[in-house]
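Structures follow.
Each of the two complexes below includes chain A, the first together with chain B, the second together with chain C.
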Partner chain A sequence: MIEFAKITTRLVTEFKKILGNNAVVFDDKDALENYAHDETGGEYYSHMPEIVLKPENAEQISKVLKLASAEHVPVTPRGAGSGLAGASVPIYGGIVISFERMNKIVEIDKTNLVAVTEPGVVTNDLCRKVSELGLYYAGYPMSVETSFIGGNVATNAGGSKVIKYGNTAHHVLGIEAVLPNGEIVQFGGKRRKDSSGYDIVRLLVGSEGTLAVFTKIFLNLIPLPGKTVDLLVPFPDIHTAISNVGPLITESKTLPSAVEFIDDTSVVLGSKYNNIRLPYQEKADAYLIVQYEGHDRDELESIYEKAGKALMNGKAMDVFVADNRTNSEKIWRIRRNWLEGIKAFESHTPTGDVVVPTSKIPEIMEYIAKISKEYKVQIPVAGHAADGNLHPAPMKPKDVNLGEWKELSEEILSKIAIKASKMGGAVSGEHGIGFVKKELLKKTKNKQYELMKSLKKTIDPLGIMNPGKLFDPQ
Partner chain B sequence: MRIAVLVKEVPATDKVKMDEKTGTMIRSGMESELNPLDMYAVEEAVRIKEKFENVHVVAISMGPPQAVNSLKEAISMGCDDGYLMSDKNFAGSDTLATAYALSAAIQKLGNFDLIFTGERATDGETGQVGPSVATQLGIPVVTYVSKIEKISDEFVRVCRSIEGGKETVEVELPALLSVVKEINEPRIPNLAGKIASKSKKVPLLTANDIEVILDKVGLSGSPTRVVKVFYPKLSRDGKIIKVRDLESAVNELVEFMKQKGVI
Partner chain C sequence: MIEFAKITTRLVTEFKKILGNNAVVFDDKDALENYAHDETGGEYYSHMPEIVLKPENAEQISKVLKLASAEHVPVTPRGAGSGLAGASVPIYGGIVISFERMNKIVEIDKTNLVAVTEPGVVTNDLCRKVSELGLYYAGYPMSVETSFIGGNVATNAGGSKVIKYGNTAHHVLGIEAVLPNGEIVQFGGKRRKDSSGYDIVRLLVGSEGTLAVFTKIFLNLIPLPGKTVDLLVPFPDIHTAISNVGPLITESKTLPSAVEFIDDTSVVLGSKYNNIRLPYQEKADAYLIVQYEGHDRDELESIYEKAGKALMNGKAMDVFVADNRTNSEKIWRIRRNWLEGIKAFESHTPTGDVVVPTSKIPEIMEYIAKISKEYKVQIPVAGHAADGNLHPAPMKPKDVNLGEWKELSEEILSKIAIKASKMGGAVSGEHGIGFVKKELLKKTKNKQYELMKSLKKTIDPLGIMNPGKLFDPQ
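Then we have the complex of A and B:
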């Protein structure tokens, strides 16, 4: 086990010299506590940083990393803290680098259709800004209002639009990063083709802060889709719902921008939390939310009529059509606030994140139902039906104490993740591994695990970058 | 029973922008939608239709030709018919002139027992048109209706939300009811409704069709004059309290608020 050095007063003075007094948080328990957790789902996952640094540019980060390397202090990069696997939690203490001050959109290049941002830009701020220019950033994690671009890239975030646009990796053209030795390097850039050697950009995407600190991100932009229509579709059972996903796409002859799934328990809790009722709430066992994008009203009408007829032929209980802002918001509110809705009733609700081939969703849902019965734990599930990415969220029963619950909930989620992996899926679809899933990574990706470890060793030989994430410190 | 629902197409935004020079609303490039508060009026009318036999629901709107989309939305929710009053003579109508034109259309289409409106439109925010229509038709109006308790061919008994409580009111029909959000949860139209509304003809009513006096509609019929439109200027005087511990921060904040006369 690697031993890390502690932050000394001498180091604090050095950091203040590099960053200025106001960009250093030290010896202030209340302020440091804000950087001790993410949204993983329980205070037992918290770890206090020793110091929080808020840099404003790559040069400052370079100096910090040189010092951290020299002193052998762990460094944990942190975005908005909206992660769900603990990737930004400093489990070995040391330095947290917070990107809250590196929140500038550096450039929107309309000729090359590229946005260059700092890591601390809130996803929706970028989406809004580019949309004013008729452009579209197609990365769309569900936490779009809070998550930072840097965090999206670090976890290879997914979201609801992956079926049409792919996950975050598909939108990243380049990354400027500071390597653990303090070197500032730009990988990729304003280009869409590059077959010159290994693709380091793709390696950095999803590396969860274990290889380097991102300081600039080059993102692909596309033309803004004109209008959207959303369909809310209740089904008598999950099998019927999922069996509709394929035909829906082929019959409408259009790739939807989202096909989301929510189960009956999620709807019951979500409707209480959001104070709305969905049609067929008492009878439906599952809902699909389908979104299409189109140029104009006529095009969308033609698409939703074809899709709607396919769904009705596929034994949907009905198809509800929202082609205005008010009704669309009504449909999406329950899905978007899904986790908050559940946590309002039980705050100790960790969220699983497994991915299976779409056709296997009914099978994994059956397994989740079996586990729910076996452990006597309620497990609402929502997810992205079109890409097989599900989020089971076990809720702490009233009679289980917190200590027991940490173990129990991890056991439940591990069983579901292993099962998903055996079905041809993976133990994380979009949240990442962080530290809560590293054992699962080891169990399910033997060969890749060793290869990943050796890559980590090459880029971060001292092991200071976000230690304890993906693997135990080497 | 015949029910009319008065609806309006509004900009689909929470941030209505005004042209400070002309005093008019900036609508260009803006998506439009059925006024969200009118959806409650449509829903209530459709629920009555679904509960009782021989109820016919007609949605009526005054606006530019594209407002037909909002009427189609009302039809897809369950209204039987829609009528769009669209004529350049109506342009620039204020709430009085709009209410006059709407009441003329209601009289022309004839024999309505109940007229529903939303509480107000989300663009103009006046809430005046409904009561003004009732006045011009000489029928009772009940505003802020949150529940319909009883309905017969002769009267309707409703509960209205008032400051600090509820009030039950019974009025003879015909009457106009303006409803609030608490009354129901408007439905999202289903595929069958959307397809049916697509092929449904929405007749156009001009000033001539509804036999209005031209001087009483449009700009000439509107006594309201927008003298000036401006955005309120907000300025903030920030003060940062720098202390190490929570207790002294709170004490200083309380002292500051006392000085300002806030507490």
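Then we have the complex of A and C:
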């Protein structure tokens, strides 16, 4: 196994020369602590960095990586720290590069429909800014209000709108990146087509900081739809709910912007937490939330009428339409506050993130119910029904202590993830692998695993980029 | 430089054992000749294969690649042969794998909105088949009637609908591939999200047969729009035409499915060839063809009214609307038959394929005009205005002989391609690099070139996969 070098005072001086004194955090335990964890939760997923650097541009990062390469010090890029698999946690210590000061929207190019941003821009800030110009950034992670664009790109973030707009990879036209050797290279850019050689842009998307450091992102924009309608649809059981997703799309002849799913346990907890009641709460075993986006009220009306008909034919218990912001907000509150709602009752609730082909959701839900019974652990589930991405959230039973719970919850989530993979799915739909799921990656993509490792070795031969993520250091 | 082994009679016997006698073409010059070229044109871009194999499944291909690896024989996968950069031409001889017998649509999964096909399916056959089910495959290369799905994926084919739907990479959910060592691996599949490790699917898309042989493709389907409207819009000059593309999209608040561009020379030649006249033919210097797709006549009407207003504000000479098939066909005929129209007057007309950010089209068009004057060569241009992808087509002057013309036309197209790259574009938008453009790739993506080469070396260490494409053999 690789041995990494430690940060010396000589290196600290070098970094201060490159970045300025204020951009270097060292020897301040409280300050460093902020960079020791992400949202994965649980003390046991934390690890202190030796030093945190806050660069302002690609040139500084280039110099940092040259030094890190020369000295063999690990480098962990960090966005907002809103990740859920530990990708930004510096488990081998060394340098954390924080993008908090690289938070500029460099350009919104209305002619070419491209936004150019630094990695530290908060997703929602970009969404708001482009919407003022009648434009739309269609990437939509559920963490839109906190996550950074760079983090979205690093994990290939998904969210609820993937069925209509695709995941983050679909929106990235280019990336300026610093390679581990310090070279600054722009891959892609404002062009919308490129069949000249391998698509390295998309190799970088989802690479979780293990290949290069992003310094600029080129994003596709589309016209702002402007209008939305939301449907809340209770179902007697999960199977009926999910069997509606396909026909809903084909019969309404329209891609919804979202079809979200919440199970009955989630609704019970969520309605207590949010102090609201959903219609049919006693009788329904599952809910879908369906959203359509468009630019015209009449157009949306005709779509949701068709959708409503399809859903009622598909044995929905009822279809509730919200076409104004207040009603819409009510519908979405339980889904948006889903995890908070659960954590209010049991804070030690890790979030799984499996994906299956949509048609397999009932099967994986049955499996989750079986595991829940077997382990005597409550596992509420919510997720993105239209793309088969589910988040099972096992809640710590009162009589299990924290040390045991780490093992137990990992065992539960692993079983579910492996089952999902066997159904034609994968062990992460949108959160990434980080270090929490690397054993699962190895187990479920074993043929691809060696290939991925060799790609890593090719681009980062010294292994300094975010070591211990996706794979163990080679 | 690598030395490859020749096909021996012993190997021929082995291949016949694997594939059956009828699936092996050897020693039959006329039959082999069909596999010696693609549509790049010009004898000088041809090269004879030593043997052509026509497998029926992945297992046969796996055995072939194991043998080829062991004996160090080059392998060139070939789709319909409709390529325009020589990617399927076996310039080092050896084996051509033709997919003509792997032409089955394996499954159309209406629930998951996924089509699974073998690589040899003709694009239009898939389009037709899924449309019967109310579904739509949104990949749309201009060669839709001849090209194979496998070839589309291998070149990351574009076409006219990229502004709305993205290029082929956007539609590929998974690829089953045989690696050079004979291993059969499925990357991706029916799942719509996957943040577990590097995106090897998209590394394979556009790799032009240099990394692996595809044996199955998983494609995303969407609801069939069903209705279209086309606008023919003459402009006094190119600059005015192109400056309309951005506002057209933002003001109509809708992504057109296509915005095509043809210049005046193309119109003159095309109208002669097709024996039709376009309105304003004497006065217009450029035309846009704008297409909208939707599922509702009223919706489309409201969109094209907004679009028409935006275009007239943008100094269009007029806006002609075609909302039935006959009129629409008239509008598209000159664009669809563009190359045939030119070749009817001068058959030795290679097709360039550059891409620039849309806003740079006027600048690259000025450069093309300058080159045309300088070299005294007519260069009609058509292309995809909405995504900046242009096809300049230099026509051989009468007094230049064929040998000189190869050099001269390559020089002209190279200059244009390099200029495009300097404007933030690339030397191929959709046709690929093949062997015709590999020097251009090296020149214009020099920082990425070594990285691409090392990725090739990692996945195909023996260099048997389509050698001489993208790079010289290593």
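Just so it is clear, the second predicted complex is superposed on the first by the 474 of 474 C-alpha atoms of A that agree within 3 Å, B and C clash if a C-alpha of one lies under 4 Å from a C-alpha of the other, contacts with A are read in each partner's own complex, and residues count from 1 in each chain.
Keep this in mind: a residue touches a chain if its C-beta (ideal position, glycine included) is under 8 Å from a C-beta of that chain, and two chains touch if they have at least 3 such contacts.
Keep in mind the model is a prediction, meaning the values are calculated, not measured.
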Notebook entry, point to check: In the superposed model, does chain B or chain C contact more residues of chain A?
Noted result: C
Note to self: Quick check for you: in the superposed arrangement, does A:I379 touch first (chain B), second (chain C), both or neither?
What the structure shows: neither
Next item on the list: Figure out whether A:P279 sits in contact with chain B (first) or chain C (second), or with both, or with neither.
Entry: first
Margin query: With both complexes overlaid on chain A, does A:A138 touch chain B (first), chain C (second), both or neither?
Written below: neither
Margin query: Let me test your reading of the model: by the given contact rule, A:S196 touches which partner, first (chain B), second (chain C), both or neither?
Written below: second
Check: Does the superposition put A:E305 against chain B (first), chain C (second), both, or neither?
Finding: first
Check: Thinking of the overlay built on chain A, is A:V73 touched by chain B (first), by chain C (second), by both, or by neither?
Finding: neither
Check: In the superposed arrangement, which partner chain does A:L441 touch: chain B (first), chain C (second), both, or neither?
Finding: second
Note to self: Taking the superposition on A as described, I'd like to know which of chain B and chain C A:V321 touches: first, second, both or neither.
What the structure shows: first
Next item on the list: With the two complexes superposed on chain A, say which partner A:N112 touches: chain B (first), chain C (second), both, or neither.
Entry: second
Next item on the list: Report, in rising order, the residues of chain A that make contact with chain B in one complex and with chain C in the other.
Entry: none
Note to self: Which stretch or stretches of chain A touch chain B in the complex?
What the structure shows: 30, 227, 232, 276-277, 279, 297, 301, 304-305, 308-309, 312, 318-322, 324-327, 330-331
Next item on the list: Over in the complex, which chain B residues touch chain A? Could you list them?
Entry: 12, 31, 33-34, 36, 39, 69, 73, 76, 185, 187-191, 193-195, 198, 246
Note to self: Which stretch or stretches of chain C touch chain A in the complex?
What the structure shows: 109-114, 133-135, 155-158, 162-163, 166-167, 169-170, 179, 183, 185, 187, 189-200, 202-203, 205-207, 222-226, 245-246, 249-250, 252-255, 295-296, 298-299, 302, 353, 355-359, 384, 386-389, 424-433, 437, 440-441, 444-445, 447-449, 451-452, 454-459, 470
